[in-house]
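These notes open a run of structures that come right after.
You will see subunit A twice below: alongside subunit B first, and alongside subunit C after that.
Here is the complex of A and B:
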């Protein structure tokens, strides 16, 4: 075994050439379609999910902390846009680095990049807060605590319309509950076309840029002191602590980094979807993202990218557009869209049987899982 | 003793109603090789776990190199200069031998999250040095170069033991705790390990504390032996006097009769 673990066995130049080619294709992709084509829309959404997948990958894939409340960071990131990129606080009048049109609107309006950084920072703090009670817990118990945290945030968003914020002035509340906050300001960046619902290309490129940024950070951290500490922690907490890895700090770092990416994606989606309402933040969303990274390969950045794209496109394109009327054609009276979660579940079961390490597995996991298989076979043959 | 690198003062560990370690006072002179022996269940490993911070002592005080480390976390104690191996090997199984040893160097590294993301020049050179040192360490403990990049789980048993020692040494310890390092080794390998421990002490000035069942190793390498039974220290002294001590003989023979 000559190649370093965690990297594909192909030479590095080939790897780089492949990555460059994929990125180039990704950049010119929208030119193959009209400006508001459904494909561009679907891909933009998929890329935003890739960002979330990569964030969750840090927590679950690298550090081995099973987080079932990841939707919380989508919610918090999106809420940041609701607060600071809309007319929600109608009595406040704050405008920072926004375009001509937005300047005249009531409410608080910050430039998207500022909100993006703020959403990331806010989620990092939230990530640490969710991390703190799980520090002494292991495995399944972490899953339960994080699941509850996700639900708390959702209920908080629903009920937030009853919480008054006296210092903003007027009749301001924390959230708009089920009604939702909309419209949200469109992203407004210099040197790029207008971000409108009629021209989705700038949205797509922004999402792509976020993916590349998050991908870069993911890879850099994986191959660093911190990345090694995460994997050591995942493998054996006691040994890791005894080798000088500070458990608390290392775990909280994983939660914070993962949450930041979730917040970044949440902020983008807030503006892209043009609404922030409580129904977006269902528990199922956490599972949706988790399913993406399991499908792709836990801990493997390229696996996560592929898994997220695949599941997202299955959700927005394959099921509703391509296969939706299949049941009615064979005489069954339901739409495939209604059972989409059932389909995802089926895909996961299929995956666990055929290829439990994911589509593009992390080398470590592959060895781990396949050794288990060997051992069980040995037991079977001895029995 | 004034020149003790580690002093345990009246340490006890109580689990519920069970007194695992009872009122043990113990010190380790600098640059010595000391052994703890005793029948199974005597509290040796529990005592080890207290020395490395995995268990908090119920009572007592622990001083290392002049500083009170009684309440410190395991990683802080490692940073202060105590490293250990485990009775049943605890390598990070899906990491390579080199990566395992690099984790051992964690507490001596500075790279933080921002530095790692930007991969600053100093972070890059730190990574390089850490990897070079890890390979050096593996050479030093006798792991063949062809095995450096093999996954820990695929290494031979002897190599796994060696990698664990290399990983412990990578944190630049002043005191090395070895929990039954020769378990599962043949007499030949045990003898080699004995020589290695002496060489380690003489070349690097390390202090070594050993838990060991192999009496040949214990008698051959230790300057002092401490005997535990039922959580208490029942004897302490040079190998000859411990061997002749009636309480020690009783503790061991009683065990044999029962078996």
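Here is the complex of A and C:
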């Protein structure tokens, strides 16, 4: 196979071998560290963010719709665990497929896997609802409308403790506001003991499984008819429409798929962080996730994985532990943790100006930079 | 939440005749009707409870003076969008830096509550000039650093750097004055009543907002419509390529636009600091989104529209703050924003950008 970008050709099996090696290392990773070192905790969080990054990548990277309200799906996914996996609705008494310990608690308790599906479905619907008004809008207006939706949902979460739910008796509110819903049930998978906050390894492996699942879906979608339609849409909406790409359906699918991933990750984080409160759902979080995928490379699956891991670890490790007292050492009176969002903003600006294609660019974007039109590309689209 | 219940049905109807007429009617008057919902509901409530309209009239008047500040910021969004079709996300932060600069500057030149009125007025005039220059300069610098290198890049690229700049400046503000709202000396005794006309209390703060906004917007309008450079701005907004062929220096013109927008934001910053007497790093984000909504409501790219939109948003904000709950205000304003974008993206007056034709 001829190399398209002037690099020596890599045989196809090398890529697969590399992927298998990375996955193997990822699986045995927790055995290298004790709980106390905090690496397992940080990596679990990072993997959950990878899932979100991959979700946002579908909307922004593939379909080219800038979504600044992605935090909404984190909120909805996490709220799903708050509603269906905790004692929040203390008057209700619903237990579905839960373990011995949880069975005796008041409230609504579903098995985590069921809630995961709930959260995904709920977010898909929310994604479509948020997507509908943006269909006829131009790119930058889409950004503002999604931002507005994100903020509206945040206000609802904050004010939710004053909203009484209709049709149910008793003292049932929408959310617990800033105080937060906690505790949330720990994940309870079939055939194994319920997870605890003492042993983080099962959490890590669950997050890893979610990442692999989402990764698989993401890659398959990208190479599918739908994925090609998204990319066509991103490159030129008018041309795509005239070639028969159904704009409405394609855009809404992008929102729905992206939102579903966000909801899945949100549900995991709800259970893992053991609380669902309004302060988790700031606008800054949307930018945090956006910065991840821009750092890695818009549209590039592996770029997004690397970018998300990198930025997440920068946030949990590099800034607080390594660089935190750098400003005070050079005579400035602040901690670096205080300005972490400023640092993410700086990264956004820097990446956009110096290397807009990201650390690991999408192959298609690299090919675009290459002048020659490759014959095999034409064949691929007809296959 | 009257806003969401009275939403007109979505326009895309294919059948002509009655459906098309209804649709046309809705797109013409639907937004205006929607905007009247809040004041009308609370006016009726006032009539029922108090027997007069003083309550709602006061809300609306406060809304106008508050909206004057929003209008000053909205003008900056609309100028920049009109010329390079970019939502200058960092504009709200430029306004915030304007507030911070003002407070720091009048502290430096020694203005305090005990200064004589003449000194205060002269000092504040000087502060106004400094705030306008700092904000204008900052805005120009942002354009130079973050937007100009990306002028030929895909449209999302400068928008993303704009968001990045906004976060950087927010954190500058955070380091400058800390994470919680800071109160500043109430130099003009903002809440002191000047006069009461038909039940409406007019405070010094209200007067200040009008005294700053009206001349500035008038001067800006004159500049854009009459001056040579203003003509160059309008030409660049219409067609940058043709403007370049006619010998207009497009880069300078764009810089000038950012300078003017930033200066207005700086003036708004000073007015806000005196009006609210508290400033904090997050004020720019909130005010920026309100002002952006105002600019879209008036029709982005349209100066007159931005001012009218600002006044309307000010009224909505004031009514919501006083009658519903301040914490619901963002949701209500954003609900309006979404409805406007969906049903009347060209705004109340109509926009003047290239895409709108």
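The criterion applied here is as follows: the second predicted complex is superposed on the first by the 344 of 383 C-alpha atoms of A that agree within 3 Å, B and C clash if a C-alpha of one lies under 4 Å from a C-alpha of the other, contacts with A are read in each partner's own complex, and residues count from 1 in each chain.
To be clear about the criterion, contacts are C-beta pairs under 8 Å (C-beta built on N, C-alpha and C of every residue); 3 or more make two chains touch, one makes a residue touch a chain.
Only a predicted model underlies this, so the values are computations on that prediction, with no experimental measurement involved.
After alignment on the shared subunit A, the placement of subunit B and subunit C results in a side-by-side fit free of clashes. Contact with subunit C, but none with subunit B, is seen for A:66 once the two complexes are overlaid on the shared chain. In the superposition on chain A, A:336 makes contact with neither subunit B nor subunit C. Once chain A of one complex is fitted onto chain A of the other, the partner contacts of A:246 are limited to subunit B, with no touch recorded for subunit C. Of the two partner chains, neither subunit B nor subunit C is touched by A:215.
Of the two partner chains, subunit C is the only one that A:140 touches; subunit B does not reach it. With both structures placed on the common chain, the touch criterion links A:287 to subunit C but leaves subunit B unconnected. Centred on subunit A, the angle reaching out to subunit B and subunit C in the chain A superposition, using CA centres, is 80 degrees in steps of 10. Closest contact between subunit B and subunit C, by C-alpha atoms in the overlaid model: 7 Å. Subunit C meets subunit A in the complex at residues 85-87, 145-146, 149-150, 153, 155-161, 163-168, 170-172, 174-175, 179, 285, 289, 292, 296, 325, 327-328, 330-331, 334-335, 337-338, 341-342, 345, 355.
Residue ranges on subunit A touching subunit B, taken from their complex, read 1-2, 4-5, 216-217, 220-221, 224-229, 231-232, 235-236, 238-247, 253, 257, 364-365, 367-368, 371. For subunit B in complex with subunit A, the residues that touch the partner chain are 52-54, 73-76, 78-79, 83-84, 86, 90-96, 99, 102-104, 106-109, 111-113, 116-119, 123, 127, 130, 149-151, 153-154, 167-168, 171. The part of subunit A that touches subunit C in the complex is made up of residues 60, 64, 66, 68, 133, 136-141, 143-145, 147-149, 151-152, 155-156, 158-159, 283-284, 287, 290-291, 294, 334, 338-339, 341-342, 344-349, 352-353, 356.
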